[in-house]
Amino acid sequence: TEAVAQYALGLGDDALILAHRLGEWIANGPELEEDIALGNIGLDILGHARSLLTYAGSAWGKTEDDLAYFRSEPEFRCRQLFEQPIGDFGQTIARQLIASVYFDSLYRALMHSSDKTLAAIAAKATKEVDYHLDHSTQWLLRLGLGTDESAFRMQRGLDAMWPFVDELYRAEPVASGDFGAELAEGLEGIAVDPRALRAEFDAVVPQLVRDAGLTVPQTSAVRGGGRQGIHSEAFGPLLAEMQVLARQHPGASW
Amino acid sequence: EQGLARFLELIESDARVEPTDWMPAAYRKTLVRQISQHAHSEIIGMQPEGNWITRAPSLKRKAILMAKVQDEAGHGLYLYSAAQTLGTDRDTMFEQLITGKAKYSSIFNYLTPTWADMGSIGWLVDGAAICNQVPLCRASYGPYGRAMVRICKEESFHQRQGFEILLSLMNGTDAQRQMAQESVNRWYAPALMMFGPPDEDSPNSQQSMAWKIKRFSNDDLRQRFVDMLVPQAEILGVTLPDPDLKFNEETGHYDFGELDWSEFYEVLKGNGQANTVRVAKRRAAHENGAWVREAARAYADKQAAAAEAAALAANEMVAA
Amino acid sequence: EQGLARFLELIESDARVEPTDWMPAAYRKTLVRQISQHAHSEIIGMQPEGNWITRAPSLKRKAILMAKVQDEAGHGLYLYSAAQTLGTDRDTMFEQLITGKAKYSSIFNYLTPTWADMGSIGWLVDGAAICNQVPLCRASYGPYGRAMVRICKEESFHQRQGFEILLSLMNGTDAQRQMAQESVNRWYAPALMMFGPPDEDSPNSQQSMAWKIKRFSNDDLRQRFVDMLVPQAEILGVTLPDPDLKFNEETGHYDFGELDWSEFYEVLKGNGQANTVRVAKRRAAHENGAWVREAARAYADKQAAAAEAAALAANEMVAA
Amino acid sequence: TEAVAQYALGLGDDALILAHRLGEWIANGPELEEDIALGNIGLDILGHARSLLTYAGSAWGKTEDDLAYFRSEPEFRCRQLFEQPIGDFGQTIARQLIASVYFDSLYRALMHSSDKTLAAIAAKATKEVDYHLDHSTQWLLRLGLGTDESAFRMQRGLDAMWPFVDELYRAEPVASGDFGAELAEGLEGIAVDPRALRAEFDAVVPQLVRDAGLTVPQTSAVRGGGRQGIHSEAFGPLLAEMQVLARQHPGASW
């Protein structure tokens, strides 16, 4: 149905854009092991994106590539956390930590979706996200408890990403585009209401941050609106680069 | 003397020399140089392809390309491990790379201005690498040979992917076909030069062959590569940019034109399209990541100290 | 007491208060707050437009946009200078900005997702700024009034450029017209809110007006702005997104609908589209540039020390 | 003539791409004064680009915008120095120093061109470049002689940019596309042969670098080839971003 497709599109865009950002680390990592680790995480998440976009597109007769390469900025549905620049390694780890906690609870809940396809995608993703969460937790501790500089940078990374947390846990404005609405009709039992996942974030992440000797940021949240097509300023240039070749050759196969 | 006899016997009998075996200093030195250069090539080789990850024109290709560049980092790691068994540590080798003291394959000093170069690198560069590397799986030094087995398996996968990229382009629009042909035009000769200078100008090759590190001469490998390439080019529908290329009924091989070796030596000297840039980029990544590595070390030290303190405390409690 | 009498006389007679004149502490404090907030707004205001410099769709527009953002940095500098004459130094004010302690105009916490926003910012935001600022050219504090004269001249230039951007879009393709209208829809109400809350909710305004820092009430300025806007919107062919907007024959002004002040207060509280991001970006620029400022200071110190040493040496030579 | 247009195109592309890079500094400078200074320099150079591209385009019935926004990567003629990322402030100053010395000698010579338009563009540019050269020289000294960190970064900047110097002073491969060829027919007395300007660079810059307490880099040169349409890896993403909006609306006026 349209509502399911819209729901899958939003989740797919989140994964697509995060995977793109992780791809920017390749050949730039602080050590070879991290080139590999960040690449692997990016690949996993790109895999989630492809499954979700393929599923969303099936409702409209569109391929994953139609959706990834031939939509314009306001047609994208990713939440703004995923669009933020990679920054330094501390900033990347901060985002990855937030994202992994979110994906972890999301996919674990979505495994029980009455939609078989979504449940299967989530079941596969869950196992991978487990490793991602472990990776960013380890680095949070290493950086937070490592040196003065690393603690400073890890804190700065958290401060930069924290304002985007709230948006992750707002209601999905499915199809209707209605911000903060209840889960749209037709999605009961299918979609996960992100609001129900917030408690887990609050139970886990602030404690982790304190364990790493850091401070839970007190900054206010950005308004967000990624699911309505409202994107942050880093997104336009990202899209220009991501789509440039595909758009130079409309209709081509690769 | 006993060691030398045993070493020669191992070589003679096509057995493997292992890290704990005695080996001549020159054998060790040659191996360290060759393995570390190979490792460096994998690391630097991530860049020309990494250049297209953010612009890959389909998600499937993007995933394949990311995975490939990952594999290269992995190959770099195996190879550094193999070299470490010879007593040179990874930090030393990496330092030589980022200070520009160590060599790596000149092929990675060419630029990748178009997407089709992702195809050419796979098909031509990885293709040449495989021709070079398959015999290395039988290299006399055990850890090197075993690393190469794993690497070759992945490289042949990469070559097929490169071939597929070119095939899609050649089956595509006019613009795509042109892109593919233009790219093959640029990469063909440099790929042939990957086997190194002609045998008569390659004095070190003899010793390496005697030690069974190298198994075939540069020119033999190059011929083998060209013979493999021609039928594949026909399937693709691309023209290999060599007017002298033709089948020789007598030898059963393809004859090919003279290569421009002055170009090869120019790039080797550092005057290629990207020599300084490749090294600088890796150095920058390393420098920008110094604080991360320091943090990881400091954290590990603190953890170890804490564990030790806990153990001491436990002992004291037992004692008390 | 003499000072106060003199101060009141200056205010009374519409003369300027100058830095060396005595002034009430509250007057000074109000001015510092207002001028520094204005300076911060110019600095933060560089970002929403800076966002489009690398993507400006024509070279002429790119040049105009770069020049405009430059002008804003320049305005920031004049205003910091004016505030410094009141005894608060620039580093202190800047520190307040990048630690999020100081306010700046909430309008810059909106995002600029489309090129048309470059037009809307010029036409609506700079337009509102001018209505606010023209009376400030007569502000009772001399350095502030004089800075505003210069700034207003440039702002009216910017407003015309914004109008031109929208005009080109409205005369362009369907997609361009849509882009312009959609952007005006987003910026219209926030621009009207730039004049601050309705008079009955703006307790500080009275005192500022008495001191002749402020010359007109928020609602008066807002009305003046709307009256200016409507005929310009007609020329552009854009619809102002307010169904209640209509000319009132009796008052000779345009009546307009209620504004959503809860939105205004939300953004003010920090919950706008970009509040945290704007401050973080300027802070990052400042932190990343710390080594440059330190180098400049160290170099200046060394130069001064060398000059002093040279002077001493010269003196000794004369003495000898 | 075609040769003059090609010559102007090459010079125009150099200026266009450098101005674009300088534009990336806006709102990112180490202090407000530098936001303004780098912006002013960028604006001057964008002005040179516009004059040169307009002149080049007049031979082909094309506008400056046709040339800036609707050519593909291999059709651009900029030399690779100008394409390099802005890096940190040290890297930007290193490029700006090299570029200013080059532009300074180029435009002073071009003032005497028998082509009236080129001579007029050069005469105007010369005065501006004077200031640019002063700006980067001052910063070279401040950074080189300032702190240990600034000396390290300034040196790193020079090391990064030095390989691109050689290409600036190679013969202009006008029209024919012949690399290292003599000045093409029809350009005697019109164009400046960059090879004749190299001595000035060698007389000025190494000494400045030493005066700043730094080391003249010994790195080998990149091969270059910007004038033949061969560009470095940073150029593709730059172009994607620069052209994205214009290309989404072909034929539109702005």
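The chains carry the letters A, B, C and D, assigned in the order they are written, with residues numbered from 1 in each.
Note that in this section a contact is a pair of C-beta atoms (placed from the backbone, for glycine too) under 8 Å apart; a residue touches a chain by one contact, two chains touch by 3 or more.
Small disclaimer: the values here were computed from a predicted structure and weren't measured.
Among the remaining chains, those touching chain B and also chain D are A. A count of contacting C-beta pairs for A-B and for A-C identifies A-B as the more extensively joined pair. Centre-to-centre, using mean CA coordinates, chain A is 39 Å away from chain D.
Mean C-alpha positions place chain C and chain D at a centre distance of 34 Å. Shared interface positions of chain D, i.e. residues touching 2 or more other chains, are given as 236-237, 240-241, 244. Counting only residues that touch two or more partner chains, chain B has 47, 54-55. If you check each pair of chains against the touch rule, the ones that pass are A-B, A-C, A-D, B-D, C-D.
For chain B in complex with chain D, the residues that touch the partner chain are 47-48, 51, 54-55, 100, 111-113, 269-277, 280. Across the interface of their complex, chain C is touched by residues 16, 20, 23-24, 26-36, 39-40, 42-43, 46-47, 49-50, 53, 64-65, 68-69, 88-89, 141-143, 145-147, 149-150, 153, 241-242, 244-246, 249, 251-254 of chain D.
Note for the complex: chain D touches chain A at residues 72, 236-237, 239-241, 244, 247-248.
Every residue of chain C that touches chain D in the complex is listed here, in rising order: 43, 46-47, 50, 53-63, 66-67, 69-70, 73-74, 76-77, 115, 165, 168-169, 171-173, 175-176, 281-282, 285-286, 288-299, 302. Residues 73-74, 159-160, 163, 219-225, 230-233, 236-237, 240 of chain A are the ones that touch chain C when the two sit in their complex.
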